[in-house]
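In the two complexes below, subunit A is the common chain; its partner is subunit B in one and subunit C in the other.
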Partner chain A sequence: MATETSTPTTPATATTAEITPLPPFSPDLYQRAWASIPHPSLPLIATCHAHSVTVFSLSTLSKHSVLTGGHTRSVRSAAWQPPRGKVSKETKRLRLVTGSFDTTAGVWTWDQGRREERLEREVRMQSGEDNKEEEEEEDEWELTLVLEGHENEVKSVNYSPSGQYLATCSRDKSVWIWEDVGNPNPSSEAKKEEEDEDEDEWETVAVLQEHDGDVKAVAWCPDVPGRKGKYAPPKRYGDDVLASASYDNTVRLWREDGDGEWVCVAVLEGHEGTVWGVAWEGRQREKDKFPRLLSWGADEVVRVWSLKEPEEEEHEEGAAGSGNNPWGFGVPNTMRRSLKEEWECTAVLPKVHKGDIYSVAWSTETGLLASVGSDSVLALYQETANTTTTTTPEKTEEEQTNGDAPTTTTAGGWKVLTTVKSAHGPFEINHITWCKRYDAGSERKGEEEMLVTTGDDGVVRPWQVRIQ
Partner chain B sequence: MAKSDFDNANPTVLSVSQLPSRNLAKGHVRKGPDSKYDHILFPKQWWAGSSLNSDPSVWTSDEDEDDDLTLATEEPIDEQEIYGKNYAPSSCTCMERCNLLSTISDPEHPVTLGQIAVVRLDDIHLSPSPAERLDPNTLTNVEVDLTPTVNHCSLATVIGLAVRVRLENALPPNYRIIVRMKDGSHAQDDQVNKQLGDKERVAAALENDTLKGIIEKMLETCV
Partner chain C sequence: MSAILSVDDLNDFISPGVACIKPIETLPTAAPAASDANPSNEFEVILDGQQPEAKSNAPPAEISLTDCLACSGCVTSAEAVLVSLQSHNEVLNMLDSAPALKLVGPGADGKYSVEGLENSDGKLYVASVSPQSRASLAAACGNGVTEQQASRMIEQLFLGEQGLARGGKWGNKFTWVVDTNTARETTLVLGSDEVLGGSIAPSDRAATPVLTASCPGWVCYAEKTHPYVLPHLSRVKSPQALMGTLLKTSLSRILNISPDRIWHLAVMPCFDKKLEASREELTDAVWAGDGKPGRGVRDVDCVITSKEILMLAASRGLDFFGLPASAPPQTPRFPDPSIHDFLFRPGHRQQSREAGTSGGNMHFILRHLQAKNPGSQIQTVPGRNADVVEYKVVAKSGEVMFKAARYYGFRNIQNLVRKLKPAKASRMPGGKPFGSAKRPAGKGNGLDYGYVEVMACPGGCTNGGGQIKVDDPVVVDRKGLAVKPGPLEQKEWQKEVDEAYFSGGEPDSGAQDDSSDPDVDGISPSHIRNVLTHWSTLTGIKLERLAYTSYREVVSDVGKEKKMTDTERVVQLAGKIGGGW
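Now for the complex of A and B:
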């Protein structure tokens, strides 16, 4: 429900929010943790720290499993393979991709089905040589494939919504797009049914080298109705859109041009420092507008970007091109419609942080934003009408948030709901994400949303968010 | 702007005793066995580890942390302490806070950064100043402006990294360290500054054995 923008009067009523810390996941990791990525459908969250990933259960808030021994340097990021096919199968097989400073990305499989199979086989042929099987048993995660190609540290990995593509980026200034060719396309369900064994086979489909600096993060546009809605760019590219954030202070957007070539369709300029990350709007917008994009960085600023809606231009395009192929050979360059999309910065969030902003999370449920950074502050923002409100949100006395008075600052249609200072004590906070609650304390398991922050102190902390 | 103001070529090499000092503990220079340099790079921090420290046993509970941090605020750290030299408050037993920077070795020559004035006391700034801090979680910025010996010094990044590592390991976690090349002192100062301010790049650099080796060597003289 994207109601804020369509009913501009309601947001003026001050909403107050209360953020309270829940007990951290156990055990503490005792070392810098970079990020915690929730599974898209299961109660699991994967935290990257040192050379490993620890998977926590969101039900028990404790360790589920560990991925170790696959990387020789720090694991910086991780991505879960999106759920596909039958859900029951998904619970048997988990797949996680890790991006590491050792220049590789690792594809890991936790295969309950395969394990059972192996055990059966073991029972059948009991004769000797079973030692190595036993060893493997302890490690339920198996590194099934290493994606090599980057020259320097891999900083971020991300799956496209269908799971068809994987994007990786690195200090070598490049973004690589890999296609999962071992997995049958999710559409060909029947094939998948009979042959359960997916092959781990990936093909490099693009190496994008237009950034002038380290590429810090990559994020795929989620498959929301707006992605293909009437405000989406004319159907000349594939549906998948990738955003990349860079040390060169820019964000770039990439699409497949229909001929298998991936091209940069927009360069978003405005940040005055490293762009640490990008996040897409995962909530359906009114009139199915194209999802917006967030970017944030070392300049302590969070920006909201929107696709300039094509409107009448759509007709022009039909007229200008020759039939269905306006860029066909023979058409002079000047005649071809620009491959670029027009994106504009439509909002800048009220300034809260003093220091690099490392992570911002956009709720698909409520549309609220939460940000963290090197100043150990956690801030929560809400979109308002495009007017400046002067309402001072009530400050509850017992509020744990020893933050500044919830601000009256309103900028570009966003206001700060609340802030939590020293959310990880004096330590820097590297990551924040929204995820569903499944723990015993939740009133609506699997529905209620909470925040999870990950810090330099090795603590992964869930936060309850109450909005009135 | 006279370029020579910033150039520090052919620096006057001072002897250690000539370096600025408060001389609180007269003639008391802390020394330790050379083999101890590991503890500088991988110190057993009483407040909790850095990324380099993975030994859980040195981690303390929240309460202990509070106690220690209170202690730390009672004895505020100031610029002199960060610069270093002959300053050894008797109450400061929990950590090696002295000679934080001035005794780091130059990567190429057998002199310390203080001796060749790459690190200068006047170019170390704390904000807010130690006296204003109350809460141990209050963040304090430590800004260190370095003056490379020549304005295209290729080792500027390495020196900056050593300074940052030294401070990150020695100071409590509420310190935010900003290491920069002094304005105009280095041909690519913007580039170097950006790199030194990038947490991710610093973390990755410290996993590079060659670089780590150089920095360990530079910090050997810091004991």
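Now for the complex of A and C:
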């Protein structure tokens, strides 16, 4: 495991990259915007700002629809329901969950079919008395359910890959896991009538209270082959893995233990300040290794974490699993082994930001990373060959602090490709994401990747990324 | 740990200085620094018997736990108050306040008298001990120590010459140690009659489904967060509260002394029981006054947890585990023969495993119904996790007569309260009504339960927040563990505690009553009803006031946005907690 090469699709040797701004989405929001979440398959991106969410079209780079009137305080985050079951070509129904400072999460449904029906009805009613004028555009999105339970501001919401679970987290220091127990397959070819009658029903399956501070973000591990590959932990738990990042400087990983209990399987310690976010590796790794995890935060550091691969002897000798454990309860060794997963920090990215790092995006196509933060800098990083696991993080940290920051562009197997200063002028950048291009300027619509940044200036800006 | 209140929450983001209205009313203008790392230092709590320790600057503001209960500002901050308010130190302070009252008698006239009344601080000390606490201590002893043996050790601590009496200013000890299981059996019969419409059901019965209200964490949460469930809460007092009322009413009436001359300590598996003891609904204002809740003499003066028993012993320089498990010294007879027999019945009822670890309210109702309907059966349907189970009583004919469920733990409670919540109008103009409730179409309202046993702690009361945990130094030390135990070890440990809980004694042959109402699960409902009637006659107080309680919505301005904007709030919070967005 000492010398691994990175995946074949990554350019093995260093390249140059160029990031150029594209015209921002219109209209400007003119108020602080928090995050922009691309739809997993459709050319739509949802931007959270103030008490609303504006959905932009990635084709026209302009407003598609607005979700408004459902929250009494800022909407901090949003998540699209992943496509479930067989997705019909004509997906007529969208579902977005919003997490708000008003302590709730809202489940919103946009139903094209129902909308058409209503239009027909209204046309019919037009002949007679009409008192429904005001309903026109605004009710495309319907707030169908409010998830209540958190005591304080909801900071982040995220859907598990199958859409079965939703995680929410809050300043109340808790992470909640909800299960969608309503219509299990809304996008299947169910009869129209049934679709209309489907129920929004959610159950609380876990309230996780192990963090000692405000929980800033939650993220589910994507359903990549590595999640269940031979390097995945022994089959004790369910496949879904949730990561949570907190003001307590830690990242925690959670799994379901088979009895309906969600347990903390790892605590990732290393950050020296609030951990603002976490992101999973969404690209298949060679040998289907388990996806890595990124975390970043107020200490201006981005860390890469890897699941420690089991050593051969440990498979043979049960007792070695959890080290020297003279536990006297007569628990079989096999039960004790790897209750906890061992994660280690395998890389620290070269330091670029001077201020909190708020968001990092990991491309599922190229494996490139992009980060933004309070300093309005946008940085792009690439993993260099042959150094995936050889450098110890301690050493790289030293290197960084000793050397001059600007000159140290390579660390821990990652190098900075390029940076953009003042990417949102003097304003903080709250979020960055990779998404596909569908606009007229793209030569490879639906394939080419671009970056989208969201800032305090209310601007949602796409960026073209050229790699040579 | 209690899922809702736990000591770990003491360093809450919203420290009491920020969230609590009370200090603002009474504190001097120089408010304590909100960034103070230790919120419990921010104000002092004064209670009788507690010597305020000299603290540096600000003079103490007086906040009682009752104030905290009246405020929904901070569920967690109330904890800071309660921990300092009812502690093993307070027990020692009370014991040292004056020579204990002494029960003398019976004299030639059969009457009892009390010596030592001339010192106005003198008290008659009585302790009631929960079976879960005995189980926790038994497990901590290890080596196969049973619940009964732990019970004797606790009695030695409170009553014996080698116990608390060995130290302190006056060498005081407790007069009686009683088992809350006796009160438990009474609440089971009361609860069953409430749900099934028995002969002693209260005049205003709870709405269906009736929800258990003996878990103080759950009651507190419901009162502060989900007031719409309050009509469903069982009106029967908890065993702790009922025992308190029984002791205070009968002793004060028989001995003709004020109820504040009786000092009642309860030993519980749960921190939140301290909250319960401070309820205005559970004072002599209700049974001696106008019947309305008020600040009177509390039925339970102090609650300490299982773990605090160890601290209590240690503070007197005693090793709890070194106490003899031999029969404790003879105690005076309770000054009423019927109540004496009731409280000190030899041997005790076996806890049945099906009843669970929280007293078995639901199980008793099911058994009672089954006993009334020969040939009927109890069926169990496991839920989505170990803390959700559905039960049915099915008649001989196959008809489902009654449905009930067990919902333990905070996350499962969420699903219960959501189903009970009335649907709200949509916030969207023209939108459908939404709410946490299910849509009326389809499967229908899933809550056709007659009764739901609700407990805040996953695993029930043996897993209470006040129990000795596996990572407690005492356990780590006694078991010789070299590494810090984790969740799995806690699970194993919990099994040992449960084992001790169910180890309870020889099945009770019991005093059989020749009545039409047969025994249910080892309890004779008619016998219990007779005792209740006797108690009511003895004290001249209606059963309604003795055995039932009430609940109220807790509303406060704290946390509601006043003139402050979101931004100001966040700036304030961010500045104080350093957390920001």
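Throughout what follows, the second predicted complex is superposed on the first by the 373 of 468 C-alpha atoms of A that agree within 3 Å, B and C clash if a C-alpha of one lies under 4 Å from a C-alpha of the other, contacts with A are read in each partner's own complex, and residues count from 1 in each chain.
Simple rule for what comes next: contacts are C-beta pairs under 8 Å (C-beta built on N, C-alpha and C of every residue); 3 or more make two chains touch, one makes a residue touch a chain.
Given the structure is predicted, the values throughout are model-derived calculations rather than measurements.
K.L.:
Once the two complexes are aligned on chain A, which partner has more residues of subunit A within touching range, subunit B or subunit C?
P.N.:
More residues of subunit A are touched by C.
K.L.:
When the two structures are overlaid on chain A, which partner does A:Glu443 contact: first (subunit B), second (subunit C), both, or neither?
P.N.:
In the superposition, A:Glu443 contacts neither subunit B nor subunit C.
K.L.:
Taking the superposition as given, does A:Arg73 touch the first partner, subunit B, the second, subunit C, both, or neither?
P.N.:
both
K.L.:
Can A:Gln31 be said to touch subunit B (first), subunit C (second), both, or neither?
P.N.:
first
K.L.:
Mind working out whether A:Asp214 is in touch with subunit B, subunit C, both or neither, as first, second, both or neither?
P.N.:
After superposing on A, A:Asp214 lies in contact with both subunit B and subunit C.
K.L.:
If you stack the two complexes on chain A, which partner ends up touching A:Arg171: first (subunit B), second (subunit C), both, or neither?
P.N.:
It touches subunit B and subunit C both.
K.L.:
Taking the contacts subunit A makes with subunit B in one complex and with subunit C in the other, which residues are shared?
P.N.:
73-74, 76, 101, 152, 155, 171, 214, 247, 274.
K.L.:
Touching subunit B in the complex: which residues of subunit A?
P.N.:
28, 30-32, 50, 73-74, 76, 101, 152-153, 155, 171, 214, 216, 247, 273-274, 298, 354-356, 374-376, 421-422, 425-428, 456-458
K.L.:
What residues on subunit A touch subunit C, complex-wise?
P.N.:
69-70, 73-74, 76, 101, 132, 134-135, 138-139, 142-149, 151-152, 155, 171, 173, 176, 197, 199-201, 203-207, 209, 212-214, 247, 259-261, 263-264, 274, 323-329, 331, 335-336, 339-340
K.L.:
Using the touch rule from the top, collect the residues of subunit B that touch subunit A in their complex.
P.N.:
Touch list, subunit B to subunit A: 48-51, 53-54, 56, 59, 65, 135-139, 172-174, 176, 194, 197-201, 203-204, 207.
K.L.:
Going by the contact rule at the top, pick out the subunit C residues touching subunit A in the complex.
P.N.:
It is residues 3, 11, 13, 75, 384-386, 410-412, 414-415, 418, 426-432, 434-436, 438-439, 441-442, 479-483, 485-489, 492-493, 566, 577-581 of subunit C that touch subunit A.
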